[in-house]
Structures are given as structure tokens and as C-alpha cells.
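After this come two complexes, each holding chain A, first together with chain B and then together with chain C.
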Partner chain A sequence: MEQFRALVRAQDRQPVRYLVVDDSIFARKNLSRIIEAFGGQVAGEAGDGCTAITEYDRILPDIVFMDITMPQMEGIEAAERIVHLHPNARVIMVSSVGYQENIVAALQKGARHFVQKPVKPELLYEVVKYVLGEDGIAVEPQEEVNGESVQ
Partner chain B sequence: MSFFSEDRANELRTIFFESAQELLQALNEQGMRLEKQPGNPEIVREIRRAVHTLKGDSAACGYRELSEFAHALEDVLTDEIAASAGASVAETVLASADSFESMLTAYRRSEQPSSYPAVRVMIEQLRGTPVAEVTPFAPEFAWTEYDRLLISQHAVRGQNVYNVGLEIDPQCAMRSAALQLVRNVLEEVGTPLAIHPSEETAEPPSVIESALASHHPREWIEKKCHVPGVVSRIVVQQSVASAQETIETPVPSQATPANVEVPAPNQPEPEALHKQSTSLTNVENILRVEAERIDAVLDLVGELIIAKSMFQAAVSDFGRRFPKDALYHRLHDALGLQSQVMQKLQRSVMKIRMVPVEQLFRRFPRIVRDLSKQEGKQVDLVLEGENTDLDKSILDALAEPLAHMVRNAVDHGIEMPDERQLMGKSERATIVLKAYHLGNNVVIEVSDDGRGIDVERVRAKAIERGMISLEEAALLDDSETLKLILEPGFSTAEQVTEVSGRGVGMDVVKGVIDRMKGTISIQANRGSGSRFRLNLPLTLAIIKALLFRVSERLFAVPLTSVLEIMRASEKDVHVVGQHEVMQLREEVLPLVRLERMVNGTASEREGKLFVVVVGVGDRKFGLIVDRLVGEQELVLKALDDQFMSTEMVNGASVLGDGRVVLILNVPVAVERFGRADSANRSSLEASA
Partner chain C sequence: MKIELIQPFINAADAVIGETMQCTAQAVDVSMDEGVYRKTGLAARVTITGDIEGRVIFDVTRDTAAKVAVCLSGSDAPPDDDLMRETVCELANLVIGNAVTSLNDQGFRFKVHPPEFHSSEAGLKGSEDTEALVMRFDTPAGSVFMNIAMQYHHRRRQDTQFD
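Then we have the complex of A and B:
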């Protein structure tokens, strides 16, 4: 995977912390790889909506990647509840084209952005940067910010 | 053109040359605007329009080369090329305008125009400019009436309203999701007053237009609207409708929902259309007439005035002979009415000849731009009082001298930017061209904030050139010294540059101004700029004059230059230095004996004499005359140079009784006969 300039938090220059929500282990692994390439830190993972909400409350991540279709509680509802409790939460919906209507609904309920599966890292990088806005800055990855090297 | 008669074809050509001149002027002006705002699509459109018209007109007149050239230029004047090629477009337009001008000159002389390969290359290079974007993204922002009302209400409340156009990334497969996201973004950065297409559309759109009220700056909105993966191109502009409506529409201050139902009192679109149509009719109401035809009318009016004074003389003779005759009174009344009408007629004709000085001034921005560029100087030209009216003949005569003065200002007056910085001035220099009315005169000023004129150097130079002696130099004050630069053969330029090398010198400038009965005054301070002020009569054709006799000869001076008339006696006259003077209240008044002009000698008068006090520039002189005859309107007849040396006298006129009166050129006469021991003899005596 290509090198990205590390996206770090503007306030403390620490890696951006992510919560990855998807019922597919493969999808979570893939997203985690991409996050590491962005110089970010996967602070937590969840396989369903309910866990996503509790995990969010526990780790208070900077960014949430949220799948749409999941068992127990779907992504829309989880996104809505998270945003309801944390109005500043940055939830990015990650979904395939077929679920467009759900994405529209999620956006109406407070999701910040969406990307299409399969995820293109370059685009996701721009999206994260956009969603972080002033709170995120890109720095040169001279040092391994999170201490782990990217495969 | 075969179906036109030769006359018709010639007339067409005349019209073509005139309109082409205006098109070139427009090209120059717009080209310079484009230089300041590269890629501005509105200016590019203006230029394209002018070039297009030039192309069509020249083709109609059979000027194939010009038409083809214009066509080539028009071809590359697309918004895309203008946007991506930047400043070189303006450069090409200006260069083309120059070529067009030379081509027109060639056509006028019925010569074959050259092809200007260098400019052609510039055009071809533009054509080859890689165009950044294939299809221009130009949202229409066609708001409905309701939208516009909303926009205007927000604008009136002092909010910024932006037109935001967003193109949905063609790569984005989820159009409705994209639309939703864009809505979210718009709501985040402001209050969307209108979003097109609205939610209900079945087909997801590829372009979203919105009127957005926001207190954020434009750049912020632009940044926020660049939504990655969703928006590929954006346009954010201050809403034209809002700006227009804030000025034009008195929108109800309380925007209640009830008002929303009412149609906007002034709908911007019909309003704009209406304006356009009125300006069109204005254009059509202007009639182009050859100056010669107007001059012919003016000549006839002049003859009428002479005829009138003949008639007047006859009637007053009749009145003396038959003072009780009823016919005399009828004649007298008719005469009164006639003179009233005549006065109006004369004034109307004069008005036709008046043109705004703008016609002259508009050439200068280009001249200054070219010169300053060539010399590496930074100069702003400020034009003031362009609407001041001036007689066409004066305006035409002024063109060359004024151009020379402006060139001088750029060439000698303005310093190089680094030199200016050292002096603590801003790097950009300013030249001001100003026109205004002052009494019956028009004043035209050329001033600059350059290095000014070093009076001591002028004095030294004049002595070195043998123009004045050391003793004379000591007697001259600063303003008199500065006047020396108007004398033939004087130049303070360190070196002759390409700029100053051409055209006329200041002495020629002075010659032209003298001929027009104008004056030049110079103000200059070393280091802080200089100002040349031309004071010119409004018109040359008909003047009110004061008539008087000197040595049995009839003279006149323009009434506008007469300040007062007084009686004096020979014993009031004193001699100071070389000048004869007398006391006028608190001032010392230099005297001029005009009889020297006639006889070559001054005749001593017994007792009383008349002194006509005239103003020349900011100075006063007294003309000693034998007898005052009266005031009269005189129609100037230019005198040919063969008649006499016309410097002294700038015209003659015929009175009603057939007598000829010479109209004195006051500035020259004062200069020539102002000195008591003057050895000058006029050639008037011999030739008149």
C-alpha cells in the first residue's frame, strides 16, 4: 500500500483513534490495515451495532467507520444513537451501492460521510481528512507514530 | 460589393473605419482589464464580441486579411483558453489590437496590409494551450421568483448570499447519497435558501445549485464544498441577484410570511432586460455627422452674425434719420427677436461641436501602460473629469501635445521603482490627467508624483545653451525659470530614450497651445512631482470681444481675458527695470504699448490714457489703448500664414460695416511688447 502522510490530531499530535464497525472480520482487517497506513490507531472494533455503541462510549474515538448491514442492530440505528449521545461524533458510513437508501437515511440522521465498498484507500484518506477538518493535520511519517510498522 | 454604387461603398467604408476605431479602443481597454484580471470570463466575452464585430464588418467591406486575422483571434478567445493561458491572452489581444490598427491604416491608404507573423505565432501558441477542463462548469443559477424573493430578503438583512454550484463526481455511484451529503454540508456552512434540483426529483442530479446565505467567507465555503469522493467541481460566487436587489429593490424591512406570497416588486430579470433595451435605443439615437458638415453650418451662422450687425447698423442709421417713424420701432423689435434666436442658434451649433474630453483621454491608459512596461516603471494613470466638454477642433489639436506631456511624465518625471523606494515613495507612481471648466475656459492638467523639475538645473542649462545671460538668470523667479523648458531647443533629459526621442518637444507643445490662445503654467517641486496646466478657451469659433483702437487701427481682445478697464494718465506710468509699470491698487501692473506693434515706436500721449487690464495665466498686464470701441461678438476667420505673421494676431473678423478687426493673441503680444526697450518690430506694419 502506498505511503500517506500521517493524519494526526491537531490538538496533541497523537494518532487519530478509530472505531471500526463491521460484521465481517475480513472487512475489519482490511480497514485496520488502511487506518495504520494513515498513521492512525484502531482503538476498537465491533461486529454489531450494540457493541458499537458501548465501544464508542468506552473509547470515545475520533472517527467511526460504520457498516450498514449487521446483525442485532443495523448501522443506521447505531449511527443515529451514537450521534444522539455524542453530537460531535464523526461517523463515516461504509457500504456497497445496493444500500444507497440506507446511507441517505444515515446521513439524515447525523452520519458525516460515506464511502463505497470496496474501499479505495486514497479516497478514504481524503474523506477522513475532510471529516476531521481543523481537528486533523497531515504530517510527514518520518517516525512511526503508532510504533508499529505497516506491512 | 458589386450591387452597391461606388458612393455607397465609400460611405460604408467611412463608417467601417470609424466603428473599427471604436472597436480597437474597446479592445485596448478590455485587454488592459484582462491583464489585471486574467481569465475573467466576462472580459473575455467583451473582447470576443469586439473581435467578432470587427471580423464581420471588415469582411463586409472586403478587407479579407483583417477579417481572417480577427477570425483567428476570435477562435482562441474561448473561456477555457482564457482560464488556462492566463496573462498571455491579454498580451495577445493587445498585440493584435496594434496589428489591427496598422492594417486599418494600410487599408485607408489603399495599401496591402502586412501579415504580422509574430502576432500570428502568439495566437497559435494560445491555440496550443493545454486546456485544463474539457467542458466548462458553468451552473446557471436560474432561481425561481420565490427563491429570488428569499435571496433578496436575506441580502437586505446584510447577509452574504452565495450562488454555489457543485458537480457530483461522475465516479460516484451513489447519487442520492451524494445529494444528501451535499445538503448536509450546505446546511453546515450556511442557510440554503434554495437547492436545485429539490429533493423530489426522481432522477438523481449531476449538478446541484444552491443559493446559500452564510456568514462564512467564500474560501471557507469553497473548502467545505470540496467533499471528497462526492463533489468534483464547484463554483462559489457572490449572488448577483442579491447585490442587484439590495441596490434596486426596496424590499419590505419586515419579511413576514405574508410578504412571501406577494410577487417581488422589482423582478430582476425583466428589469435588466428593460435597461438593456433603453441603452440600445440610446445608442441608436446618436447620429454620426462629419465634422465638416457642422463646420459648414457654423460658418453660415458666422455669416449670419455679420449680416445681423450690418442690418443693425442700417437700422440705427434709419433710426437717426427718422426717429419718430413707426417703421423704425417695428424694425427695432424685429431685430431684437432676431438676435435672440440667433444667439440660441449659435449656442446650439456650438454645442454640437462640443465633445467630452474622454475621447482624448481614453487613449492614454494604453500609452502609459506600454511606456511604463517598456521602461520597467510602475505607473497608475488616473483620469478625472472625462465628461468635460471641449470644442472638437481644440480637442483634436490637443491630442499630440498632451500625448507628449504624458510621455514626458512617464519618461522623465517618474523614477524607477527602486529609486522611488529609496525616496520613501510607493513603488507605483501616479499620473493624473484632469479636465475641468474654469469660467469660460477649460483646464487640462497633467500631473505626476515623480521627481519633479530641478529649477537650478533648468537655470544652469539655459545659461549653458545661451538662452539667457547670467544677469537675466538672476532676475528670473522660479516659475519664470520653469517656463524656459517651453523654449525651442531646451531639454533636461539625461539621455534621449526611444520614448522622448519621438514626437514634439515642449516648445512645439507651447506653439500649439499659443495658437489656440491657451496658456501653460508649470508647477514643479524637486522630488515631489510636477504639474503642467493647460488653460484653453472653450471654443475658437465665435468669441465675445472688446474692441479698441490703437494708432487708428481696430483691435479686439477676447472678453474673457479682460479683467477690468481703467483710465490713467502718462504720469502714472513708471519704469522699473526694463518694464513700464503702473500701480493698480496694491499691485504693480506691467504695461504693454500696442502702438509699437503698429508703428514700431511708442508715441507719448498727452494726459489721459485707457488701460485694458488682461489676465494671462495667473499674471496681469495692462494694454495701453487710444480709444475703446465696444463689445461685440466676433466670428473668427483664421488667417493664413501668408497673410501675415499670425503669431501676434490669431484671427480677424469682419464687422457689420465691412471693417476688418484684428484679434490680438494676448499672451504672445504681452511677451513680445512687454519690455520698454524691446527691439522687436512686428512684420504687421509691412503686411497688413
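Then we have the complex of A and C:
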């Protein structure tokens, strides 16, 4: 996989921490590989919306990748609940079902962006960078070793 | 079954297989089947409810599943059964998700349920009085089968008769 300039947190130059929510273990593994290529850290995983809420409270990630179609509680409802409790939460919906209604519903419930599967890493990278805004910076991979200053 | 329901699945399979496996998928065989579906290898079933109701089965041989799993996971290690099952479910999820996205853009409203791994050797009846469309795609990793049994929901079907 293509290696990207590492996305780190602007405040402390530490890797961006992600929560990956998908009922497919395969999809979670795939997203984890992509996160690794972004220089990020998978802080937690969840296989349904309920667990996602609990995990968010526990690890307070910088970014959430949230699937939509999941058992127990679907991703849009989980995103809504997370954003209700944590208004600054950055939730990016990642789903194969990418029709307009879903996208609009997700954005109305507080998701920041929507990426359709199969995920193109280069597209997801740009979306993460956009969603992080000034809270994230891209550095060369060797620059962010130990979270040291890179300037 | 109408072509307007079928074409999105062909397009989605072609696009998703091409994107995930970096190869082309060619629809080489299309037939109708009214019998009980018997899987050829590892099969995942996705149920759809709403204006269109039914199910789609995504079916690949074990050998094909193993090759696809290696390709998608980026690992050289031989995949175990769990990984192969996950691969088939995820591939089904991707193809069907993309197909229903296209159908939704045409005005159909429905819900897609999470994929279920279909492990029974006994066969699977699609749905009452619904014939299934069976498609075979050839890829460099082997053949991929899709078995689609769908019909308009009664209310929608009545609406379309007056169109």
C-alpha cells in the first residue's frame, strides 16, 4: 500500500488515534492497515453501534470510522448518540451503501463526512486531513518518531 | 425480474471486483433458476426489504475465496476458514451495497441487512413465487456466482402497473 505523509495531532505531534466501527472483522482489518499507512494508531474497535458508544467514551479517539449497516444499532444512530454526548467528535461514515438519503441523514446527525466502500486510501486520507482541519498536520514518517517536534 | 433491477448488480460486481482485486470481472453466464439454491463453495446472503424485497447470494469456490482473501488482506499467509468467510461476506456487502446505492438513486427505497454466511448444504429457497437470476463472473482468481431473487414489494408493484 502507498505510504502517506503521517497525519499527527497538531497539539502534541502524537499519532492520530482512531476508533474503527464495523461488524465485519475483515473490514476492520482493512481499515486498520490503512490507518497504519496514514501513520495513525487504532485505539479501539467495535462491531456494532452500542459498543462503539462505549468504546468512544473509554478511549476518546480523534477520529471514528463508522460503518452504517450493523447489527443491534446501526451506524447513523450510533454517530448521533456519540455526537450528542461529545459535540466535537469527528465521525466519518464508511459504508458500501452510499445513497443520497444515507449521506444526508448521517451528516444531519453529526457525521463530518462520508466515504463509500470499497475504500480508496488516497481519498480517505484527504477526508481525514480535511476533517482534522487545523488539529492535524502531515509530516514525513521519520519526523514523527517518538512524537518529537518536527520543525 | 426486470433488467432495471439486474443491471445495477452487474455494474456493481464489475466495479467492486475490479477495484478490490485490481482485475476485470466479466459476466459470462446468466440464467434463470426456480429451484432451491445450492451453493458451490462459500456463500454469503444479504436480505433486502422495502420497495424491492428479496435476497442476493454471493457464492465463490474455496479456492477463489482463498485467492481473494490473500489479495484483499495483503497478507501472504494462507487464509484460514474464518478469513475466507469474512472475505466472502465483505465482498457481498460491497457489491450489494453499491448496487442498492444505484437502485436508490433511481427512486427505490429499501433497507439492506448485514450479510449472513450461508453454511447449509441443504439448499436455500429464495422466496415464494420468485425466480432467481444466476450470474457467473469470471475473474483471474476464479469464478464468482451471484444468485438474485427479488421482487417489487406489493404496493410498489401495484404502483408500477399504473405507470
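Just so we're on the same page, the second predicted complex is superposed on the first by the 138 of 151 C-alpha atoms of A that agree within 3 Å, B and C clash if a C-alpha of one lies under 4 Å from a C-alpha of the other, contacts with A are read in each partner's own complex, and residues count from 1 in each chain.
Note that a contact is a pair of C-beta atoms (placed from the backbone, for glycine too) under 8 Å apart; a residue touches a chain by one contact, two chains touch by 3 or more.
Treat the numbers as computed from the prediction; the structure is a model and nothing was measured.
Taken together in the superposed arrangement on chain A, chain B and chain C fit without clashing.
Measured by the number of chain A residues touched, the leading partner among chain B and chain C is C. By the touch criterion defined above, A:T69 reaches chain C but does not reach chain B. In the superposition on chain A, A:Q108 makes contact with chain B only, not with chain C.
Of the two partner chains placed by the overlay, only chain B lies in contact with A:V127; chain C stays clear of it. Once the two complexes are laid over each other on the shared chain, residue contacts for A:S24 go to chain C alone; chain B is not touched.
Applying the stated contact rule after C-alpha superposition, one finds that A:R33 touches chain C and leaves chain B untouched. Of the two partner chains placed around the shared chain by superposition, chain B and chain C are both touched by A:V97.
Of the two partner chains placed by superposition, chain B and chain C are both touched by A:Q116. Panel annotation: after superposition on the shared chain A, the angle at the CA centre of chain A between chain B and chain C (CA centres) reads 110 degrees, nearest 10. Taking the two complexes aligned on chain A, the least Cα distance separating chain B from chain C is 8 Å. Residues 97, 100-101, 116 of chain A touch chain B in one complex and chain C in the other. Of all the residues in chain A, the ones that touch chain B in their complex are 97, 100-101, 103-104, 107-108, 112-116, 123, 126-127, 129-130. Partner chain C is touched in their complex by these residues of chain A: 1, 23-27, 29-30, 33, 69-71, 95-101, 116-118, 120. Considering their complex, residues 16, 19-20, 72-74, 82-83, 86-87, 89-90, 93-94, 96-98, 100-101, 104-105, 109, 112-115 of chain C touch chain A. Here chain B touches chain A in the complex through residues 172-174, 176-177, 180-181, 184, 226-229, going by the rule given at the top.
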